[in-house]
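Working notes, structure below.
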């Protein structure tokens, strides 16, 4: 499916402000990037690098005044990898590939090592077949038990907080899912990007889980994981995949996101 | 200086237990590894890999019963890199090398993004010359204001907790220092290994800071950062450099650590 | 300077043919990619990955018939890094950063270990100050002693061949320069991309040399290294940075390259 | 199987000579390193790093005089991975994992792109089932048609040379096998290390081939690939895995290698 995504961030910058951004698509299997662009207005120099997770990262110093950062991407994307039958099984920690071991560790917003997280993971998934069934039960539980609401949580809200408050947005749903899965020793990472069919158009966050020898996509915000996606970045949690991080005095005035499916 | 370190972990294992360990020395500038070994008794197979930070990691399944994991290393180590004069300066985020950007992000135990951490960082170092002076002020403040005491904190204690409780061990001192430095946008990582001159002989944790274009060693447990060290692992915080992580039912019975300086 | 490059490859494909390409710009310091695209006509799926050198690589299976691969890029590029005074010095092998060590090794088309290459390197640069002066002497010698001529060399021509024949194109000039510099233990890599001011418009190859602690650009085809460049890929030699590699039965019918400097 | 390997290099050094060495065991699946050491006599500082292939590399400046470099390793090693039935199949280039793509490229001593190599590969394996059968036919052909003889080849001998001369040592056998396999688009790498059962005790070189989704060991020197091995380094060819590279004036006086199988 050919898919298009774009986002425009508008800032009022009060003092020259360094920003790091992750706003361009990842280069990977399953999404063929046909066209993509990144512009800052007024134009300022920016530099790029590839981080430890393979994400494309940009750095710039925004000048004082009204500044927009615009990105757009057109990609040919695969449908979601179907869940095979029999369902992907749990892999013992000793059998996991080396490069996924990183994703069973606790992280800033996903405190998978806490007792409360363990209690909740066991309550939701303790009696299920290890692997896919556990992950899907966690995803469904969050979808049904956490209320989707803007404005309740902020950038410092963690999985532990959401396990208690049971309110949040896609980022919080995802953090809680990650913490619960990792508590069961299932490698899990956060992915951000574009999703078609999102009700309120925005950049989105979901999670990917390594079971049965492969990564699968899960989305706790949706009733059922579905839709075409363009991945922008993945990492341990929101600390790794912040779309814009600012070091200075600037205020985000607006964010416009558009996602379209084009002819196949 | 020729230096020797060894550690012996003794476990009672109640069910076959997978462990991952980081107990062998890093291969890097400044420490020439002359001899090193790693043995599990009774002997079981183990495998090794190199993680995202260049740490050597081991995995094994411990059998039921009494199990010891023993490691030892002999290395020729450099003295601590001296602090040049003028002192290493703060580098703007926009000027940092790509590969240190990872170490200004908040992490599991170092919530550098929290308001309370920001308040404390500004209180300690807000009026100082950015760079070395800030880091040394943070280190000194922690040494003077946090009480070194075993048993008060545990594996889930964070920098935020220690900022409040002001009690902890080397791990907690280090986490707090990392959170405070990162809050000032100074790349900081946790390092674990052997230190000579430690009063109660144990494996030790300290922090390294990227200022003036290079990494420097700081130790908040010591009155003054000093002593020869063998580095075993480094990463964002204790989540990345856990010396032994166990997935199963086993109890650590004892840990013996020895560090000796040999003839130069 | 804002700069635009594009290339269109046209193939007649006689049997389904897998191709790997390196045709998109590198993401790095010094070139800010504003817009870039990659299309295959008729459209076929392609996948992407990032290789060991940080180059973006694409893979696709070209269908039978007439196929075009088109790419274009708009970037804000820095001028060439100026050569400081005093000139960048030779670094002892023992002092080189770890990640440049790879680029003193001989490679497929740059047999820096051969006696003939050593003789020529000593003849050209043996009496000069180690470092920049040697590299510039090698560059100038090649420019003056190797005749630029299409059709004489092919994809299997090596630096050793060119040292004898003294005829070739940008690829051959570059391979010979690399072999000679590496013979003097100077880390050197091949870079391919767009250069403005090229007489016959084409994709171009040049070399980068690590002296005095940094990478500098050199071009043996030019009388004097100059012009704005967009880097597409770098590696040890043409084996690493082949713009299109085909595994199957297809014939390149035409290649059109355009490079423009836009308003600053 | 518990296995022990050691090597002692003796040099007469006429001027301070920088050396880079790869003499310590790789850290990887299938070989558990129990004990290992590296010493230079007289003692001089050395530093270590991990190269692009995960090999441990050492650097030192050898002082004038008589110098020995000694290494030893004890490891628990797995038997050779058995060849499954049905035999591991050929994978299309488009289906290969990203990280093995590097190993289908031609390299310094393995000119898999040459016409003569292609002719020979087709002659040996052109009519066979793509995959394992081709690799084993190449291995057997080399074993039967290349004469094992010391002193005929040197450090600059390539696969192309050996295809003509049909004389060489383990390094030459391996280079020819790699060039032929890569010509058939089969990812192949060179591995060096210790092999038990070698008639004249020496460090040894063999090749590993990626077929059917996994790496398998092949040895063209042996009548049948067999024996326990400790891997020290792997890479594209001998340029990447040179056990000792010297930059200066020093002469190797002797090399003693010992390999022993210990009780299981």
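Brief remarks follow.
For reference, chains read A, B, C and D in written order, and residue numbers begin at 1 within each chain.
Basically, contacts are C-beta pairs under 8 Å (C-beta built on N, C-alpha and C of every residue); 3 or more make two chains touch, one makes a residue touch a chain.
Computed from a prediction, not measured in an experiment: that's the story for all the values here.
Look at the CA centroids: the one farthest from the centroid of chain A belongs to D.
Note: centroid distance chain B to chain D, computed from Cα atoms, is 36 Å. In terms of their C-alpha centroids, the spacing between chain A and chain B amounts to 29 Å.
Rounded to a whole number, the gap between the C-alpha centres of chain B and chain C is 42 angstrom.
Annotation for chain C: residues 49-50 touch two or more other chains.
The chain pairs satisfying the stated touch condition come to A-B, A-C, B-D, C-D.
Within the complex, the chain C residues that touch chain D are 18, 20, 49-52, 57, 59-61, 92-94, 98, 101-102, 105-108, 111, 113-115, 155-156, 185, 239-240, 247.
By the touch rule above, chain A contacts chain C in their complex via residues 27-39, 43, 45-50, 54, 56, 58, 74, 76.
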